[in-house]
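Following are the structures in question.
After this come two complexes, each holding chain A, first together with chain B and then together with chain C.
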Partner chain A sequence: MKLSPEERWDLIDRISRETVSFGAYRHTLKDAIGELTIKPMTGIPIAIAVMYGFWSVFGSFAGFFTDGFFVRLFDAYWLPWLQEVFPGQGRFLYTIMVDAGGIDSGEFVLSSNCLESFGVLTSGLFVAIGIVLPAILIFYLTLALLEDIGYMPRLAVLIDTMLHKIGLHGYAIVPTILSLGCNVPGVAATRILETKKQRFIMMTLLAIFIPCGAQIGIMQDVVPDLMGWILLYLIIGYFIFGYILNKVIPGMAPEFLIDVPPYRRPMLSNIGKKVFGRVKGFFVVAIPFVMLGCAIVGVLYQFGVIRFLGDLLAPIFVGWFGVPAETAGPLIAAFLRKDLAVAQLSVIEMTKYQMITSVVLVSIYFPCVATFAMMLKEGWKELIGALAVLAVTVFAYGGLIHLIGILLGVA
Partner chain B sequence: MSRIKEVLSRIENGTTIDTIARELDMNRSTLLAMIDFLVDEGYLAGVGCSCSTSRLCEQCRGANAGPEMAMYTLTEKGMGMVERLNL
Partner chain C sequence: MAGQSTSQTPSSSSSSTSSVAVIYFAILGIVTVAAGVADLLVTASGSEFAYGILEVPNDLFRGGWGGLIMLFAGLLYLSGVRNMDDIHQFAKVTMGSILIWILSGCDIFARITESIPSSSEETGPWFNTLPGFIEAYAPPYAPAVLLLPFSLVVLYYISKRASGETRGGNSS
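Showing the complex of A and B:
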């Protein structure tokens, strides 16, 4: 007698019920915690608490090392030493490598801190090592801990329903959170998504709405009191534009059956391996781009290209986005270095709302060069599509933020 | 409806293995065996990182660096079966 698969499984089920007896399963503390973190009623408040803890540790650790150690090291020792020993003060190479300085009564004036000197060896190194490195280190350390404990799969299950509204599934939280460290591994991790539609949506949202560790680190350093508002605007944009992309782009977003692994004690070797690999990846991939971007921005400033483009585009920045004309230069420079652009914005006089708008614009403006290269690797069609979406998003969302400001009477 | 069909129809809405086991009062091991069978028969497909040979993949997930989450999705054959069940 040949049985169909259904009949075979019914038979297996019947036989196992009659022959196998299972003892009463005792719930352990680990099971109870596992259930609490996965059920929406308890899981969402826990997720908010975990993310808040993550953010607090990140802010405190990065702030402690940047302000307490690197700012002193770079501003009190490194910058004055370089200003003194580097030859040709005020000349082209000096302004690119050490200090762009300023002109006061026709005299070349040296900068007093690394953030404002805009040299490759001063601002470039300070941003990369003094601001970004502590931020990246603590970010990846905390993330590796959450992954190794087994919390990330639970967060993925918890957020699955919400992410389905934007055509993704719960595991899209992995590239999203990874991108908060560096967009490059974030874009690479979009390969865990199943369909072309999902990968395109994820890559586009990462490139536009997820600021990397370098940006977050410098925002935390120069505009700490506005961080909440800036992140809120980015999160809202992530979901609004994700929803629109899901409706517009043809394709499927399949549902998943997930096997959640149990919680376990984190292993130091695993965490060390992950943190080392990711920080090394950041050093190899991102730091050369920080230095190169810094040099290119310096050269473009010296040749007046950024000033020219800034003047040309200033009416759009002032009229459409509602930010001061002086922000045009940094916003143009943001094409190459978003972190430096935030530093440049911080020295321009503007209202709180204009500062929020400017920093949000810098974040959603254009992926950094390293991310751009990574997106190109994923396919040029996807890259062009993502850039088209990006252009529309910048204008639509930038204008919307300005409109909100006008309606609230603060813009 | 047979157990196997019930399992398939629940996957359509996205869920976890533990939830199905609880809802259908099944032993987890039996359910895992059933899922393996569904994968072998082409109703389900395992979803995993497709960049296991990439250096970047090592950074994003990392072999032996944390508990891995197994994921499965309905194949066309599986979706066809679910559609027939819903009729």
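Showing the complex of A and C:
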């Protein structure tokens, strides 16, 4: 039997009348709250509050484990025990594995804490377990909660207009926030963006302006009172350089369509699986690099390479960036381990503004080795392009921060 | 949001209670705005302010960022109290309370995490003593913590509205 289009529509109407019951849809409180979190007038204050909660819980949780237990475990028990039992105090292997120490009146002096010892088994282990693990755990737990409640798509919609100014769209919030945990999954997540232009902009901004969980954890530990200023400089840089990249790079930046789900009660098993998978992934990918980076930095220090490069580049650091000459060493070492570089910077005597500049420089300096490898996987042309942008950014933004300091009379 | 919306028809019982609710949340909104402004002013001036069990935080994070959220919470209350029987207006009042819960929840969580480990950094006990643990919860408190019990009143109105809707849904 063949039906005309009109007959088909009549048939559809008849079937739907018999099978579908219609009623008035009543807006629930959940729906209304869902709408409030998307409208800019109410959504932005709510987003500011959610981010406040995110960072407050992050700081309290990470501080609880790191300052409450791990600092004491590593500094008062682990470090003294290793310093005593590891053979060959002051020799090459000892300085790489346990304690680089220092020389005072011609004598080898042991370090008093794990952040200053720079050994693989002391600083390396302390950074990985004592600082990064709690930070990463709470970061991914909170992120999973926000995702499963249904807040993240709303944040994407809310921030869409702002991200369009830098050639991206609301979905770019996913790689950005993931990168705050670890840049590696952040770079992988850039694949959700549609065009090459968007992926390049996103990857470059992640590598330069988004500090990873390891770095945030150590900043929270050693320079907690400066965190706000450092993050502010990074956020401003993210948008300034994103805007420039959007103007300079050819290509399309399309709109996006997103299905915003209703708010839901999160399922504990889902949260558990997500957090476990992400923390496991971070440990498998990033922890070997933490330990290896620590060893390489130690070897380079022992052979005087970092001191040589530091002396060579010190005039640039002092003259252009306005930071003390002593920061040259840690800033060179930041090529390998940003977190350890922040720890090294924290013991150098300098003004607050110089500390802010130094830590911002460490952040925007160079992607960590794991991120570097991940970017290479995305394409060598993109990697070279991102590195070229990075070099220009470091000099331009570092100089700009110095200039702002001079104008404010604090540099 | 899913589907199309229709405006709410307030039941007679919810209308009768709404005048009390309006006055209550309007006062709460004014107090919350005042607390937010106080947070911001104290932070901007860099001074300290404590009175009885109240202590206004003056650091950039809790006083500045937190103060701004407190101000938003108060404004949400004040903007929501007009025609509170409408679900969208009531959602604003609820959201004001949620912002206070975020602020006070973070403050309480910070106290819990600080109260458990021992304050000694060298070798010694790992956990705080019982008096030290209890002392960590002693006043003074931030404005958000003091406003927490008052903000919880919204739960009564949420449950009342939910039961009203259930009755309305059954009868229709």
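The rule is short, and it goes like this: the second predicted complex is superposed on the first by the 389 of 411 C-alpha atoms of A that agree within 3 Å, B and C clash if a C-alpha of one lies under 4 Å from a C-alpha of the other, contacts with A are read in each partner's own complex, and residues count from 1 in each chain.
The working rule: a residue touches a chain if its C-beta (ideal position, glycine included) is under 8 Å from a C-beta of that chain, and two chains touch if they have at least 3 such contacts.
In this text, all values refer to a predicted model and were calculated from it rather than measured experimentally.
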item	value
Which of chain B and chain C A:M350 touches, first, second, both or neither	neither
Which superposed partner A:V299 touches (first chain B, second chain C, both, neither)	neither
Touched chain A residues, chain B compared with chain C	B
Touching partner for A:G228 - first (chain B), second (chain C), both, neither	second
First (chain B), second (chain C), both or neither touched by A:V318	neither
Partner chain(s) touched by A:K273 [first = chain B, second = chain C, both, neither]	first
Partner chain in contact with A:F256 - chain B first, chain C second, else both or neither	first
Intersection of the chain A residues that touch chain B with those that touch chain C	260, 262
Touching residues (chain side chain B, partner chain A) in the complex	2-5, 11-18, 20, 27, 30, 32, 34-35, 37, 41, 44, 47-51, 54-62, 64-74
Complex contacts: residues of chain C adjacent to chain A	1-6, 8, 60-61, 65-66, 68-69, 72-73, 75-76, 87-88, 90-92, 94-95, 98-99, 102-103, 105-106, 109-110, 113-114, 116-117, 121-123, 126, 158, 161-162, 165, 169
For the chain A and chain C complex, residues of the former touching the latter	24-29, 31-36, 42, 45-46, 48-50, 52-53, 55-57, 59-61, 63-64, 67-69, 71-72, 75-77, 228, 260, 262
Complex contacts: residues of chain A adjacent to chain B	5-7, 9-10, 12-13, 16, 20, 22, 38, 144, 147-148, 150, 152-153, 156-157, 160-161, 164, 169, 171, 174-175, 178, 184-186, 188-189, 191-192, 194, 254-262, 264, 270-271, 273-274, 277-278, 281
